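Single-structure report; data block below.
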Amino acid sequence: MVELVIYGIVLGSIISLGAIGLTLVYGIIRFANFAHGDFLSAGAYVALFMVTGLLAWIGIPDTTFGSLSFGWRMAIAFPVSMAVVAGVAILLDQILYRRLRAKGSGPVILAMSSLGAAFIIRMIILILWGADSLFYRPGLMRPAIELPLGAKIRPDQVLILFMVVVLVSSLHLFLKRTKMGKAMRATADNKELALVTGIDTERIIMWTWGIGGALAAAAGILYGIDVQLHPYMGWNFLIPLFAATILGTIGNMYGALIGGLTIGVAQQVSTAFLMPTYKLPVAFVIMILILLIRPEGIFGKE
Amino acid sequence: MLKIEEVVKSFGGLTAVCECSLEVSEGAITGLIGPNGAGKTTLFNVITGHYKPERGRIIFQGEDINGLAPHKIFQRKIYRTFQITREFSQMTVIENLMFVPEGQVGERIWNTWFRPSAVWKQEKAIHEKAIEVLEFVELIDLKDEYAGSLSGGQKKLLELAKSLMADPKMVLLDEPGAGVNPTLMRKLIANIRKLCEEKKITFFLIEHDMDLVMSLCNPVIVMSEGKKLAEGTPEEIKKDERVLEAYLGGQYR
Amino acid sequence: MIILSAKDITVGYTEVDILHEVSIDVQAGEIVSIIGPNGAGKSTLLKTIFGILKPRNGKVTFKDWDITGLKPNMVVRKGISYVPQVDNVFPSMTIHENLEMGAFIRNDDYSQRLREVYDLFPVMAERKKQKVGQLSGGQRQMVAMGRALMLDPQVLLLDEPSAGLAPVLVSGIFEKIKDINATGVAIIIVEQNAREALKMAHHGYVLAMGRNVLDDAGDALLANEEVGRLYLGG
Amino acid sequence: MEIGGIIAYLVSLAIMAGIYAVFCLGLNIQWGYTGLFNIGIAGFFCIGAYASAMITTPKPTGVYAHYVNQIFGLNLPFILGLLGAAVICGVIAFLIGIPTLKLKEDYLAIATLGIAETFRLIFNNEHWLANGPRGLMGLPQPFQGLVDPKNYNYIYLIIIVIIMVVVYLSIERAIRSPWGRVLRGIREDEISAAMSGKDIFHFKMQSLVFGAMVMGLGGALYAHYTKAISPDVFTPLYGTFIIWVMLMAGGSGNNKGAVLGAFVVWGIWIGTKFMTDLLPYTLKARAPYIRFLLIGILLEIILIYRPQGLLGEEKEVSKLIE
C-alpha cells in the first residue's frame, strides 16, 4: 500500500504538470482545451524522435547516467521537446483560436476547435509512429531502491519527482517574481484592466500557451520514461487532467498541483481493488463527485 | 399589491440593498428613481428571484414570493424587462413574442406528437395574439426580422411587447427610456399609459429620464444608499430637499 | 495651457448614439469634474478619451498628438491613466504587485515613483504584501488610483471613484484626489456625488442626455440654480 | 466491377450514412437547438449497440456458453431491441445531466467524454458482461428469411430509411412546436428564458435525454447492420468526432443539414479511402489515420470559414401553423 501511494505520487506529479498548464490556459483564455492531453503525447514523441533518431544520428553517445535509464540524449531531448511543443501550442493559437476569438466565437466553439486539434496531433503521431506502445530504451530494467516498509522506488521515479519539483518551483518563481509572470496573473485576474494598464494581452496569451505546452511536453516525457509511450497516452490523461483542474478550482495553479497529486494517488491506490485499466474511470468518478458536492473546487469561493 | 419589507442584499462587502421597505399599489404606474448605485436594479433582481436576499420579505398579492426561482415568479404574473434588452437575437421578432406565454401545451414534448391538434390550436391563438401585440406596439412590419437586427429603441418596444404576451398583472421596467429616440419615447409612454388604463396592468419602473418619470409616474419613489428615501407625487418629489441632496451628493454632511 | 481636449465627440456602443457632439477642455494641472444625471454619458466620455470606445465623430487631442481612436494600451503610453468605475484592481495580487502592474510599460527604474505613491497612500505602504481582494472598497479605490499613478501620468481619468463606498470613506477619497492634483497631475473626474466633485473642481461640465449643457468654474456651478433643476428635470 | 457490385456498394454506403444521419439528428437536438456540448456520443453509440444486442440475442447455452459470456440475453424482436437501446441511453443521459446541466457548458462535455471512455473500458474488461474485447456476434436481423442473404442489404436500407424518416419527422414536429422554441430560446439566452417562466434545467434535460435516445437508436441500428460488435468500434473517432464534423458540415440547427452532413461527410470519408488506396504499400497500414487527419482539418476549416455549415440554421423555428 505504501508503495502504491508512492507510485501514486509519481503519477500524480505528472498529472499535476499537465493540469497546471490546462488550468493556466483555462484561467487566461477561458476555454476548455481538449487538445491538452495530446500535447503530452506530442512532447513524448518529439523526445522519442530526438533520442532514437536525430541525436543518435548526430552521434551523441547512448550512455546512461548512473542507475538511471537514460543519459545525454534525453538530457538534450527534454528541453528541446518542451520548446517544440510550446511552439506547437502557440502555433495552434495563432492559426485557430486567435481567429475564432477575433470572430467573437464562444468558448464552446473554441473547445470544439481544440478537440479537432487534439485529433490532428494524434493522427500525426499515429501516421509517423504507428499504434504500438514504444519505449525510450526497450528492455532496460534498473534495480529499484529499497525503502522502509517494503516499498520500492526506481531511480527514474526519484528523478521524475525531482524534475516536477524543479519545474513547478520555477513556474512559481516565474509567476511571482518576473514582470511577465506577474502580467500573466494580472491578465487572468482581470483582462480588461490589464489592457488598460498597457499590458499587451495577446502576448500574454502566447506566453500562456508556451508555458502550458512546455509543461505538458515535460509531463508526457516523464510518463514515457516511467511507463511507456502510446499514441493514446495523452487522450487517456485528459479526464484525470480535467478532474485535477476542477478539483483544485479552475484557474488556480496550486489547486491543480494538489488536485493532480490527489487524482494520481487515488488512481494508483484503486489498483489494489480494481483492474489497472480502470484508472481512468476512477478519475472520472472523482470528478463527478466534485461536481455534485463542490463544483467550484477546493479553492473556489461559493 | 407588492410589498417589500426590510430586504437586505449585499455583494462581498458592499451592501446594495439595505433594509429596504416599500410598497407598490395596484393599477398605478410607480416610478423608482435614485442615483447610481442606489440599489434599484438590484432590488428588481431580488423581486424577480434572480438574487436571493439575505433578509426580508417580498409580498406579492398577499403571498411571500421571496426566494422563488425566476420561472416561479413569472408564474405569479410578474414580468420584468432589462436595462440592456435581452431579446433572443437569433430568433425572429414574432418568435420572441410567441416564446413568452406560460404553460403552452406544446411545451410538453409528447403533446407535440400525441395531441397535435391541441398544440396547433393553441399555437394559432398565440400567433394571433402576437400579431395583435405587434400591431399595438407598431412593430408588425418587422415581425419576421431577426430580433438582433432591430435598433435599440425597437428592442425596447419588443421588450414591452414581450411583457404583454405574458398577460402580466405587474410589469417591472428597467430603464425603458434609455437609448430611445424622442419619437419612439412618446410612443412608449403612450403605450404604457394605455396598458395601465385599459388592461389594468400595474407598472413599476426604474428610469433616469426625469421627463418620462414626471409625466408618467405617480407615485414616485426615491431610493438612495439601498433604501427608500422619499415617496410622493412628482410635484412633491421635485420639491423635496432630501431628494435634491441625494442627487447632488453631500448627503453625508 | 490646454493639455487635453475632446471636441465634438459623437459615440455609442451600438448604433444608438450616447454622446452627441460633446466637447471638453482640460488645462494642465487642473481638476475637471463632469457631472450630470445617470445615463448622461459621463463614463462613456471617459472611455472614448481613453480609446476603449471609438468615436463616430470628433477628435481627441492630448498635448500635440491626435489620439482619436488610439487603443488603450497605446493611450496609456502617451501619459494618460484611467481608473475604471468597477473591477479596477487585480484582486488576487498584492498591493505591491498591483502597483508594479501599474508600471508595466515602464522600463526604467521606478523605485522613486513607487516611494512617492506610497507616501501619498501611507495605508498602502503598511499592507504591501496583502492581497487586494481582501481589502475594503475604499482601500481598493486607493490601490486603483495608486496603480494608475505609477506611470507618472499628466492626466488621470477617474470614473466615479466614490460609487459604492460607505459615506465615511467618500471624503477620504476626495481628499486623496486633491492631494494627487497637488502633485501637478490634471484630473478628469466623473461623479455622481456632484456637490463634492464641484467643490474641488477648477472647472466643471454638466452633461445631460449626452449633450453639453453647462460649463463654468466649479464654485460657479455649485451656486447655479439651474444645476439643481437639471437633476430633477423640472 | 460490374454494375450490380457498384449498386451493392452504394447500398452499403447509404446504410452507414443513414445510420450516421440518425446520430447527427440526435446531436442536432442537443447542440443545434439547445447548445449542449456532448462529446461523448461514442458512449451512447456503444450502450445503444450493446443494449439492443443483448435484448435480441438469446443467452448462450451449452458449449457455446464456454466461449461467450453475456450477462443476459432476452431473445426478443428487433423492434424491442431498438426501443430498449433508446430507453437505456435516455436513462444514462438523465444521470449525467443531474450533476452537469446546472453548471457551465464545458462540464457536460467533460462528463460525456468520461462516460464514453468509461463504458468502452467496462465492455472491454468485464468478460461476464458482454464477452469482453471479443464482443458479441451473430446479432439477428429483421426479415432475414425474406430474401437471399446477399440481397439482404436492400431490406436493411429500407428499414434504415423508414427509421430515419420517423426520427426526422418526430424531431421536426417537436422542434417546430413551442418545445423547440423554448430550446432555441435557452440556447440564445438562458436568463431571459428563465425570466419568461421557463424551467431551464428541465428543458435542457429533456433535450439531452431525447438526443441520447436517438443516439441509442443509431447504436442499435449499427449493431444489427454489422451483426457483430466489440468495444474497439466505439472509439472517439468513429463514435464521436466524425459525427460532430458531419453536423457542423451540414449545418447545426437544421435537421435537413444534419442528414445532408452525414451523407456528404460519409461520402468524403469513403472517397479518401480510394485516395489512400493509391498510397505506397508501406503507408497503407496507416491510411485510416491519414483519412482522419483530413477529417480533422476539415472541421477546423469549417469552424473558421463556414461555421454555419452547408445549409446554415433556419430562420424560423415555429413553423407549425403554416
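Labels A, B, C and D are assigned to the chains in the order they are written; within every chain, residues are numbered from 1.
In the analysis below, contacts are C-beta pairs under 8 Å (C-beta built on N, C-alpha and C of every residue); 3 or more make two chains touch, one makes a residue touch a chain.
Everything numeric in this text was worked out from a predicted model, so none of it was measured.
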Practice problem: Would you pick out the chains that touch subunit A and also touch subunit D? | Solution: none
Quiz item: From subunit C, what is the lowest number of touch steps before subunit D is reached?
Solution: 2
Exercise. Starting from the Cα centroid of subunit A, hunt down the chain whose centroid lies farthest away.
Key: B
Quiz prompt | Whole-Å separation of chain centres (CA-atom averages), subunit A against subunit B | solution = 50
Quiz item: In whole angstrom, how far does the Cα centroid of subunit B sit from the Cα centroid of subunit C?
Solution: 33
Quiz item: At what distance in angstrom does the C-alpha mean of subunit D lie from that of subunit B?
Solution: 44
Quiz item: Do you know which subunit C residues sit against two or more other chains?
Solution: none
Quiz item: For subunit A, what residues touch not just one other chain but two or more?
Solution: none
Exercise. Please categorise the chain-chain contact pattern as a line, ring, star, complete graph or other.
Key: ring
Quiz item: Every pair of chains that touch: which are they?
Solution: A-C, A-D, B-C, B-D
Quiz prompt | Contact footprint of subunit D on subunit B as seen in their complex | solution = 48, 50, 69-71, 74-75, 79-80, 82, 86-92, 94-95, 98-100, 102, 104-109, 111-113, 116, 119-120, 123-124, 126-127, 144, 146, 162, 166
Self-check item: subunit C residues touching subunit B - in the complex, by the definition given at the top
Solution: 14-16, 18, 37-39, 136-137, 160, 163-164, 167-168, 170-171, 191-197, 209, 227-228, 231-234
Quiz item: Within the complex, which stretch of subunit D touches subunit B?
Solution: 170, 173-174, 176-179, 181-182, 184-185, 188-189, 191-200, 206, 210, 313, 315-318, 320-321
Practice problem: Mind listing the subunit A positions that touch subunit D in their complex? | Solution: 31-32, 34, 96, 99-100, 103, 105, 107-109, 111-113, 115-117, 119-120, 123-124, 126-127, 130, 235-236, 238-239, 242, 246, 275, 277-278, 280-281, 284, 287-288, 291-292, 295
Quiz item: Which residues of subunit D touch subunit A in their complex?
Solution: 35, 37, 39, 98-100, 103, 105-107, 109-111, 113-115, 117-118, 121-122, 124-125, 236-237, 241, 244, 248, 285-286, 289-290, 292-293, 295-297, 299-300, 303-304, 307
